[in-house]
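Questions regarding the structure given below will be posed in turn.
For reference, chains read A, B, C and D in written order, and residue numbers begin at 1 within each chain.
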């Protein structure tokens, strides 16, 4: 987004209380930060407040450290968690895949052309197939095969890559293995998965075959954060595609690829632009 | 649709076999019936053939009886079930409702203006609320209250109306009662229900509240034929609507109304234009 | 929308300048107004600032008059124009129609059921056809026939109804007459028209026939404010519908009705919820 | 599509006349060709008939040459033009680009993975930028710079590539030069262009900037055949994307990329699957 390239982002959430907007906007004004776009929402059911602000410092000597230290004091009073993101920041990520390459290919294109402000530190797979794609983009590719017996060991290898590469976000771009509860918990809230159905419909394996059997007229894709319950994590965004009687299961698989790519890329963009707020089992998404 | 007003429709299905298209098209040619639109599909998994043809007889002395009698002989060889529909035919229907009026209001408008070629013989409800709407459109309104104790009796009253009014189709336009298995079976394949979710997600009661709890980003509606299993009948069409974090359950209810109306009206239109073919638990829909 | 029923709305715009957000949010905080939802946008090309806030006064003795008087002083410094809207307010409107009833019927339903917070003071038409519909809803219907010779006179009658009924908004729900430049200017920014094409494509008469001739695969509808240039006023929202080769012009007319209704109703909802800001030839729309 | 891989396609068109369907279906039956899917349409305004059939020969000794020779005799009587396409055929194409790589990248991915049954014989550009992309996919890349003075010469080079590579289809994947009337005429009906607007809105240069100036709420893309009139050729398919006030022209450019890719890829798929019929200035598209 054009503005994002020159503006800072302040994202925050805290319990509902009078003055939550004011504590943010007054501070920005006092520090000569010019707000270009702002959205806030106070959820009356969970009694939680969310705010996202894009701003441009008017003074040349703006310091993120000073800003953060000073704002932290005020935020404390509201038990407000906040995050300040500088313009042009690229979020470091690891991408996990199996054999299907469509989502990876799509993410790599958006990464290579700068459309998606991420920095891909590594690609991890349980198969060797997509190594050439990684190589052409000059990204380390880790092939960690998995069997029922070696699952714990393999996940330890995966975790080692995630930890050592210092990434903020893990993207499961059609990684076809069920993660252990332990790894799910470790990645909770910082891993995005794409599931190829309109959750909660057709959880689990082979959702397009389930969709064919049920005879639905719409298929879709769901991008969600990982938590400790399979295909049950908080939803970020969903996409949909009409289908018909002439679409056999293999046609649904083929037709679904585009919407999977778009939905995952959209979720990653929303995440890295700090548009997604996670609270309990739900997300607040300040979309454009 | 403009063509429908001047063309006959021949809809047929039978087991897959060489010559299924030819038996239809050759007969039409020989009987000087001019085909304006035709679609056929041979389902390789269920081994079943479906065809829909719109045609215009070129001769003035075209007789439906003669056509049917003569075609029946050829169709017999293929175990082909067929239905011939004259131009401008209005399908007789009964509409069932509870208190929500949006789908009924929408159907009544399309009926009154001739957009939907149906003839509404009666409206049946377990509440008196929508009687004035029926009255303004000059349609008999039957108020049959229901309690757990009187359910069998009430369904007998409903059935009596359906039977006595000679209708072909029952439309459940947000009728909020679960039909007994017996009535479901009687209405199997000739009653269309609108369920306010993207089935198979959120079956049963209060689907918008379920959708809110799950935090989905898309809600929808599903129009399907009734069979003997709640919310599990063959799907005709589905519609979808984006929602967000600021939509509380009551907002989802409000937002969903339009897509419920459109999805139900579309399903009824597809049915009365003979575009829907039912086989086992699936539909073939020759849409435009 | 659920929140709207219990919250006040403050909508404002002014030239871009540091402190535009703060002047609003600080005042709300000081006056113990609890913000439930807020959106702001600062347009760097037109150098104009827009803000919309939903809030709930925490004190029982909240007075709109006091609020407005006090806030006006601060707004003045920013040359800020603002509008305060109480919960549950119904905007008084006049609807203008010709013979086509679909948009009127749709608006009347949403009005009758309270889905659209408007109060329809009168319906004006150049034809008598839709009088029964108005009558059933108990709304005054003015039939003012028009000919090239009587146009000025007819528009004077129309204007008299608009003025005397004290309405804020005029809705042209398929009123098929071109308004004079004079009336357009008088209604500038406070009349919403629905044009049955995706403007700027297919301006002027018979857009569906133009669309057929061009062979487009999508048709649509555009809701826009009236200004002094035919079909050129600021766009509020647009809707779209896929079409195909089998849709003759009369089919496009039929298919387009739903999207016209939905697009117009949506524009009116956005307007009355104070989500639309008009500046020069463009709109800022803070949608949900 | 799954069926396409094992079925032949017969596509035909001719003037309207009784027996047009029968001449096709009777021949297929007599030659023991099993029809799996068929669509036909008789356009009453242009008095032209179109039919598309997918079939599977039941006999092992099926010969395309024999089929074509025999069917040609019958087709002659109806002045019917037809085309027989074997299963798995890859249509040879040339792709033309300038500097923008998104559509090319998308087509290359679908080509590489076999999703799009094309064989890319060459890529032609007026800039050298996309040569590495072509190289990775092992496709000849011709860089033919263009200036106002060398336009005729450059187009001769382009034409030489098209002719010598024996391609059936030219894909203009964001080739930003206006072709000469001469080249347009040569390519008439066998070159597909993607224009980044919802034609007929925003013809010519910089459509997203035009869209911004107009303040539209939907942008889109149009895939159409080239004819001798700029941006006026017969439309194959169109795609649409919602936008808002916060989208500056450069955001529209960014947001439009996905819908351009999808719309162009869809048009190419429809073309190579013989689903598009061209007649006068319109297309008939037998979509799934």
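Here, contacts are C-beta pairs under 8 Å (C-beta built on N, C-alpha and C of every residue); 3 or more make two chains touch, one makes a residue touch a chain.
The shown structure was predicted, so the numbers you read here are calculated from the model rather than taken from an experiment.
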item: Touching both chain A and chain D (chains); value: B, C
item: Chain whose mean Cα position lies farthest from chain D; value: C
item: Rounded Å distance between chain C and chain D, as computed from the means of their C-alpha atoms; value: 41
item: Approximate Å spacing (C-alpha centroids) for the pair chain B, chain D; value: 37
item: Chain A residues counted as touching two or more neighbouring chains; value: 3, 37, 41, 44, 244, 246, 248
item: Chain D partner contacts - residues on chain C that touch it in the complex; value: 41, 43-45, 198-202, 214-218, 220, 234-238, 240, 244-246, 248, 281-285, 287
item: Chain B partner contacts - residues on chain C that touch it in the complex; value: 1-3, 37, 101-102, 105, 109, 113, 115, 136, 244, 246-248, 250-251, 254, 257-258, 262, 288
item: Touch list for chain B against partner chain D, complex; value: 3, 18-22, 25-26, 28-29, 32, 34-42, 44, 58
